[in-house]
Amino acid sequence: MKKLINDVSNVLTESLDGFVAAHGDIITLGAEHKFVQRRVLKPGKVALLSGGGSGHEPLHAGFVGHGMLDAACPGQVFTSPTPDQMIAAAEAVDTGAGVLFIVKNYEGDVMNFDMAREMAGRDIETVITDDDVAVENSLYTTGRRGVAGTLVVEKVVGAAAEQGADLRALKQLGDRVNRATRSMGVALTSCTVPAAGKPTFDMGPTEMEMGVGIHGEPGRRRVALRSADEIAEEMVAAIAGDLKAKGNALFFVNGFGGTPAMELYLMYNAAAAQLAKHGITPVRSLVGSYVTSLDMAGCSITVTMLDDEITKGWDAPVHTPALRWGL
Amino acid sequence: MALPLETLLDTVSARIISAADELTALDSAIGDADHGLNMKRGFEAVQADKAGIFAKPPGEALKAVGMTLVMKVGGASGPLYGTLFMTLGKELPENPSVADLGRALQASVTALKARGKADIGNKTMLDVLGPVAAHLESGSASIESVRALATESAKATIPMKAIRGRASFLGDRSIGHMDPGARSSEIMITAVCDVLEGKP
Amino acid sequence: MKKLINDVSNVLTESLDGFVAAHGDIITLGAEHKFVQRRVLKPGKVALLSGGGSGHEPLHAGFVGHGMLDAACPGQVFTSPTPDQMIAAAEAVDTGAGVLFIVKNYEGDVMNFDMAREMAGRDIETVITDDDVAVENSLYTTGRRGVAGTLVVEKVVGAAAEQGADLRALKQLGDRVNRATRSMGVALTSCTVPAAGKPTFDMGPTEMEMGVGIHGEPGRRRVALRSADEIAEEMVAAIAGDLKAKGNALFFVNGFGGTPAMELYLMYNAAAAQLAKHGITPVRSLVGSYVTSLDMAGCSITVTMLDDEITKGWDAPVHTPALRWGL
Amino acid sequence: MALPLETLLDTVSARIISAADELTALDSAIGDADHGLNMKRGFEAVQADKAGIFAKPPGEALKAVGMTLVMKVGGASGPLYGTLFMTLGKELPENPSVADLGRALQASVTALKARGKADIGNKTMLDVLGPVAAHLESGSASIESVRALATESAKATIPMKAIRGRASFLGDRSIGHMDPGARSSEIMITAVCDVLEGKP
């Protein structure tokens, strides 16, 4: 394993310390590294709280700040945070208007946030994101994973919270943005969990994983390496087929951590051509490595259908370590 | 019988900690390669808390173990194994019979199903815990039969298609691999059997 | 070679097309993919023009926009652009106040920009960046490479240009920022040039290259893989020893393309501790993959000693695809 | 003699294009793995421009080749080889003697030194072009001796420590590898010798 680290057991705390030092103008660190919070809270605003396993940086701590989250709880690598983290974070950032949890749909995350909500003794609602079309949906299963679309939910709901929307309205808006959002991913390599010390799965030099998640878990299918155009065609077809919508959209190409910008923009180009065929027009764009899987090579694409409210929320000023505009 | 709680907990902890790599390897195949790391972190915390835990009466001690697991493990297994121990703490009488053990474990299984919205046959730890609870409750259980059933049940998850847990994302590709949580449950039950039988 | 690409011979143009489509609010593309330019020019402002081999994205095209560059010329991968590109770009963005070339110190880049200056027939000055302390400096050699510090020069000079500084003043400021800046890099893996199809150099699983540049060229020394703390100690010692300065600094940890954010922040933490030992205090920070080497794993650290003018230039509003604040 | 310009250019182009992988491999060792790609791109552009180029008189044609290389190659080799051909175009009389060839090549070497701020002995293409120019000027050159000198001179860059070009960043690690630009110069000179000798 080749990583810029010291002792594997301190990777998380050392990285968080660096993160907080580098962005001390925006964020502060909670006791025992349990959470990262906005330096200046806005009294009367609903507090937005997210979190999840680490290894997806900049998600979630990178989105703490004006116009997005009030706090983020980092779990161990790919492991949901524990309820004490969310309880402490909610205590720190709830200024009386209640707390909205934004949780990616993994059973670990859902259960730990559920326990935190039961134990916290305050007004809490939960938005669960499940944008990954690679997973077959059914009433009887875990359902779809929450992946890169979570960023869009956090951004749009964050803007509305900043504008003073109340807890119930934010919960509804979050669910609505989630329903307007679909993602799909492809991996060219596995990632390596520091504590495990070797790649999570083996992949041949001419193979790739289609429909991969963000935890180095295998995807739905191992297939032969294909061209960017062919990959884009399959991903966009899956997304558009599931969305069943045409019109203006936010189009987000997300790198998994080991993918250079050159390839992400090439994928943007390839996928935009496919979107056009399905009647989807990107009027807002985001390209970069925002929801990652450690050092995995590959990318996901996310489409959010836009209406005026969602567009306004996306465009609203934001000032966080990883996403910033208008401020 | 009076349960040798401290010995039980030491043995369960030691077995889980030394099986961490195996559990992580199982989780690599159909999950996210952390089940062993999670469980090890949890039981190391339990061992570190031992003085505090065993200052309490047995029921409270078990609940404290559960709470430690909830607060240290994270992931899916943290709330689930945490709930398991907390429920055992609530349900086990001072000197439980085998049937008491069965009832308490059955109550835990019910709590786990509610927490995880899962059922038997979904390819999870429930596929070991559920059958063992039912067998204990039946009254016909021996240490030998419990141990055999735990091992069999873990193995029986191999051909299952996962409906719950991360492995469910894989669809048919989850078939052919043992569920990591089923294996950790098997290890814990085997450890308990060994201690009750007087093996270290 | 595992990359999200189609035909290797179209990687650059397809990636540029995606780039311009994703950031069409800020930039436009010149004819024949010769350059990327600011969508809205500011008449009377000195035009800032940079460029270099591709494969370092987002450098340079990602820094075109308000407060930084007016145009960037992308060469082939790791190959300097050709003079016709700079001539066409200068023609497009010179509004009469002259053009400042910002060029990284590689002979290919220097010679091609020199030829463009000779052939363009307009008022042009050149700032050459050479911040890489890994290379021994001497009057008789090529001298040091220009690496991640180039971003700092472009940002600070860009701010002054936006404020109306004239060509000579900008040339002086650029040279001054360059002299206040030092960088050093380490690589854990080689990169793979798409057209070459295989890694530029082989590296064993327990080796790393100390003092590497940004072209997948070997570094000064192949050494055994070391901890983040040890790497930080050597890099900071080289930088601080060469700077011979104490006080407030901008501290920039730069990923090479295949390095996850988690590791970059861990390196920030490790190197900040070393800077303190040398009396250097980071009062401004930047962490991310801004000056990359395709998919290479590793990072560089850059220190710029700050005075009021440089600090003001750094803090000034910027609105480009890859760097944005205050707007 | 009247130089068979078109044949010369076709052969030089073909040799460089087919040596692209070798040149890139040399550049991998001490540079950035693109010298073959750069040269190939340049000479493919020259070939594509041929109609336009040979519509001009010989001197202008050579200058046009140089300008095409400048505008298509990029990197260090583009301005340098571009300058080489442009200078040859300027300096070569209609029917050059061997001494004329030497003088023109010497003038190119001088122009290259100015463009690249480099000198002989810096481990660059100059270490082939310089000696060959001097040898041609000396009056004692035969095709055989020129070919041998080009090959020897390229080889002689192996033990050199680079002072100029990307390889200079490597310091002592540049020792032990042939300079890619020296090798491409050798290939071009050999191609010219072969054509002048009547070999295809």
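Think of it as A, B, C and D in the order they're written, each chain with its own count starting at 1.
Everything that follows uses one rule, which is that contacts are C-beta pairs under 8 Å (C-beta built on N, C-alpha and C of every residue); 3 or more make two chains touch, one makes a residue touch a chain.
Nothing here was measured: the structure is a model prediction, and the numbers come from that model.
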item: Chain B and chain C, separation of their C-alpha mean positions in angstrom; value: 54
item: Between chain D and chain C, distance of the C-alpha-averaged centres to the nearest whole Å; value: 31
item: Contact graph of the chains (line, ring, star, complete, other); value: line
item: Full enumeration of touching chain pairs; value: A-B, A-C, C-D
item: Chain A-touching residues of chain C, taken from the complex the two chains share; value: 2-6, 11, 14-19, 21-23, 54-55, 57-58, 62, 186, 188-189, 205, 208, 225, 227-229, 231, 253, 257-270, 272, 282, 285-287, 289, 292, 294-295, 297-299, 324-327
item: Chain A residues touching chain B - in the complex, by the definition given at the top; value: 53, 75-84, 106-108, 111-112, 114-115, 134-136, 140-142, 145, 193, 195-196, 200-201, 213, 215-218, 220-221
item: Complex interface listing, chain D residues touching chain C; value: 24, 28, 30-34, 37-38, 41, 70-80, 115-117, 163-166, 168-171, 173
